[in-house]
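As written, the chains take the letters A, B and C, and residue 1 is the first residue of each chain.
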Amino acid sequence: MGLTLGELAVRFGCELRGDPAVIVERVGTLAEAGPGELAFLANPQYRSLLAGTRATAVVLDATNAAACPVAALVHSNPYARYAHIAAILHPQAPPAAGIDARALVDRGARVAASASVGPGAIIGPRSVIGERAEIGPGCVIGADVQVGADCRLHARVTLESGTVLGARVCLQSGAVVGSDGFGFAREGAGWTKVPQLGRVRIGDDVEIGANTTIDRGAIGDTVIDAGVKLDNQIQVAHNVQIGEHTVIAACTGISGSTRIGARCMIAGAVGIVGHLDICDDVVVTGLSMVSHSISMPGVYSGGIPAAPAALWRRVVGRFKRLDALAGRVTRLERAMPRSNPGPKPDE
Amino acid sequence: MGLTLGELAVRFGCELRGDPAVIVERVGTLAEAGPGELAFLANPQYRSLLAGTRATAVVLDATNAAACPVAALVHSNPYARYAHIAAILHPQAPPAAGIDARALVDRGARVAASASVGPGAIIGPRSVIGERAEIGPGCVIGADVQVGADCRLHARVTLESGTVLGARVCLQSGAVVGSDGFGFAREGAGWTKVPQLGRVRIGDDVEIGANTTIDRGAIGDTVIDAGVKLDNQIQVAHNVQIGEHTVIAACTGISGSTRIGARCMIAGAVGIVGHLDICDDVVVTGLSMVSHSISMPGVYSGGIPAAPAALWRRVVGRFKRLDALAGRVTRLERAMPRSNPGPKPDE
Amino acid sequence: MGLTLGELAVRFGCELRGDPAVIVERVGTLAEAGPGELAFLANPQYRSLLAGTRATAVVLDATNAAACPVAALVHSNPYARYAHIAAILHPQAPPAAGIDARALVDRGARVAASASVGPGAIIGPRSVIGERAEIGPGCVIGADVQVGADCRLHARVTLESGTVLGARVCLQSGAVVGSDGFGFAREGAGWTKVPQLGRVRIGDDVEIGANTTIDRGAIGDTVIDAGVKLDNQIQVAHNVQIGEHTVIAACTGISGSTRIGARCMIAGAVGIVGHLDICDDVVVTGLSMVSHSISMPGVYSGGIPAAPAALWRRVVGRFKRLDALAGRVTRLERAMPRSNPGPKPDE
């Protein structure tokens, strides 16, 4: 479906520099878009591509508008404007409402008439599927689960018993919500399983990535607040709480009972120890180990960039002997013959 | 179902300080439990909550009993006692025995009459499902698989052909057991797949977390001994062996042919290199890289806690130049005019 | 099925040292193989096992042949020769061609007559399944998917809409291909989803491990070139490109829009930042963080081996104060009374 630049400018509150009658049909990248396609510029890393673009129009901010060789839709938040326009230009046809004949829905479940349940999906007793929700093929929904309106479960999602989803929650394929937390008490030579009796409660507008796992609480619930976005292969342990609008990138793991505040941004492959309290507005960069609570907003890091292996081996060797190196410096300071101000104690 | 404190004390071998006729109905946390609820205190981090608890009774050890403002069930291992009591107070109704009409069971499979096979579950030829085992909805069990008595497979678990489970093995949703190991031989420009011919053998009382993957052996088997507990999203490569009662937290990966001893505790997001031998009773803290065999029991670490990003950048910069810093110290030592004891060689 | 050593030598181009009429029936490890079994020696770590082997024959290279106490099949690439021989000795019976009665195939899908579709598999509209392809039980294939000839999908694989697989692609259980990329634009207090409109295109002879996830592109496609081998639980974000014959070990994550060259070898649990360019023939060792583009072939490292915890704590403490230690060295250099050559600036 095509739309004129004039329509887009009005509808999405952009300033248009160009012919309002020109039509765009679809989106494309700055580098590859051609006639009839709309591109965007948000990441400064790609600014050099602007001059050569063959897109029909570009969504960008005012600082880049002058350099745009084609029609421009100017907005202070071009990435979000692009997101809305792309959704309009590329509408996803919702599946037809109704329960596929090959779905397995318990008689005691309630599925809204406007909802869609795909082939092979399984819905357990007393579960409730809200208006316009889409349950993808092969999903398994246990007993007593609540799925809010307009949720979308891609293929093979598991919601274990008691899980509660707000409205517009999107789960990618293979996600598991409500698995047992990892709770064992040492007893004799082995380990006794601690019953995991809580649930998982997920707020509105949450996204959960492919093969991400969220454990149910041990006693109380694991809670994901509204607007949280979780990427693929994230592990959320029992009784974790994640505050509103926090985003977490792939492969990060959060240990049990840790609370993460609102509006945090946690990068990929971060490990967060259990029983911590991370305040609002914390940014953690990739591959960091967070082993203490954080009470001050700000950026925290713990990853060390890779280096050529020969250099790395030498540096790691030195690292292992850092204590000795510090000792040598202390001895030098003590031996220094004159005008030695002296080190601060064990700097 | 409620039980009196007297019954619980007798049944679980606790010393009761309080009225034996009082009834508890369910469990709760120290902070949130109310009348009729039983809490526990095991982690010293939560000791400060004891004074304010409104639970009807608390399971705790003798050192904390005096400070307990309500009835106390006193035991030297309160967490394990709590686990047993919680299982009694919150019994999980097993699913009805029998094969769901919508399960797909091969004619050549044998399923015990007391076992339960959920809707959409698939069981391959010659596989054997033991007494009272629960095969959850959407599970896929290949050919020649043995599932012991009282196993529980949650939803969408895959057991590839030849997998052997002992008794009482619990697999959370999405776990994959028996996938091909990652074996390729370099040949010409590319890689030739090495047939993965072994199986996975899992002992009694093992727990396997959601979306955890365990590869089959290349020639011999991958072996998980009795009592091992694996959290979510763990990767176990081909021909790994894990000894009895070892516990491993989420997101840890173990490379091929490594042997891990008994009673080890491996924390989350640890990476263990292949072809190593880790002895019994080793503890590895989170985010460590284990790149050499370990022959001494003890605690090993490799993670570096995150720090504010500005500090981190400076420290990482210094780290990359550690070799140069050590060289400067050596030059200073050589230049030191007098009474220089001399460094030990290349400390 | 047994084969004589003579047949194997001729067929696989090995030099035979031993009786060509002797038959081997199956493969085994150097340590455990017995009569009728064929072992191999490729990893020098296992060379010491050669003298004691009870295998009937061993595949090895010329440098080890003299020390072989039994018949030897000698080849410069013994591991690849072993792989081919093992595939012959242990043929995998392909499933019978045809669509299982309990599969759910859309009327608009096209499945080759020689292909096999397992029970509970779901195939969406307009999807095409090539000759001899095997679609395992419980797989979910969306709309408009192309599966090339001789592909093998194990159990419960998801291919989201639009995914394209070349020939002979092998996907282990639980893999997800074509999930939405993690794209959100900050807007107001929260995040607006950016439509993920691209596909995933996978070349010939690619292997994808259990529970690995590969996101679709945001605008263009995510592209995995021919011959790439991906282990379990790898995360490939949107618009990543991976060049021919690159192999990546388990638990590694690659962030969005990064391009990895051909013939790279990425070890396990590596994290690669987004929007990077990694050239051909790069080796990255385990647990490294790759945070900058790499334009020179070679080996890169970023992991630090674990150490006993007491030592580790001291070293990490020193690490956090490296800046101060460097300052102390600088002060010493300045205070040095004579013949001080002076440090290079801020070494």
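The criterion applied here is as follows: a contact is a pair of C-beta atoms (placed from the backbone, for glycine too) under 8 Å apart; a residue touches a chain by one contact, two chains touch by 3 or more.
Owing to the predicted nature of the structure, the values given are computational and were not obtained by experimental measurement.
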If chain A and chain C share one sequence, what is the angle of the rotation that overlays their CA atoms, in steps of 5 degrees? 120
For copies chain B and chain C, work out whether under half or over half of the interface numbers are shared, and give different or same accordingly. different
Centre to centre, by mean C-alpha position, how many angstrom separate chain B and chain C? 25
Shared-interface residues of chain A (touching two or more other chains) are 120, 138, 156, 174, 211, 233, 251, 269, 304-305, 307, 319, 322, 325, 329, 332, 336-337
Applying the document's contact rule, which stretches of chain A touch chain B when the two form their complex? 104, 120, 122, 138, 140, 142, 156, 158, 160, 174, 176, 179-180, 182-187, 189-195, 197, 211, 213, 215, 219-220, 233, 235, 237, 251, 253, 255, 269, 271, 273, 275, 283-285, 288-292, 298-302, 304-305, 307, 311, 314-315, 318-319, 321-322, 324-325, 327-329, 331-332, 335-337
Show me the residue ranges of chain A that touch chain C in the complex, using the header's touch definition. 27-29, 32, 42-43, 45, 77, 79-80, 82-84, 86-87, 90, 92, 102, 118-120, 136-138, 154-156, 170, 172-174, 205, 207, 209-211, 227, 229, 231-233, 244-245, 247, 249-251, 263, 268-269, 286-287, 303-310, 312-313, 316, 319-320, 322-323, 325-326, 329, 332-333, 336-341, 343-344, 347
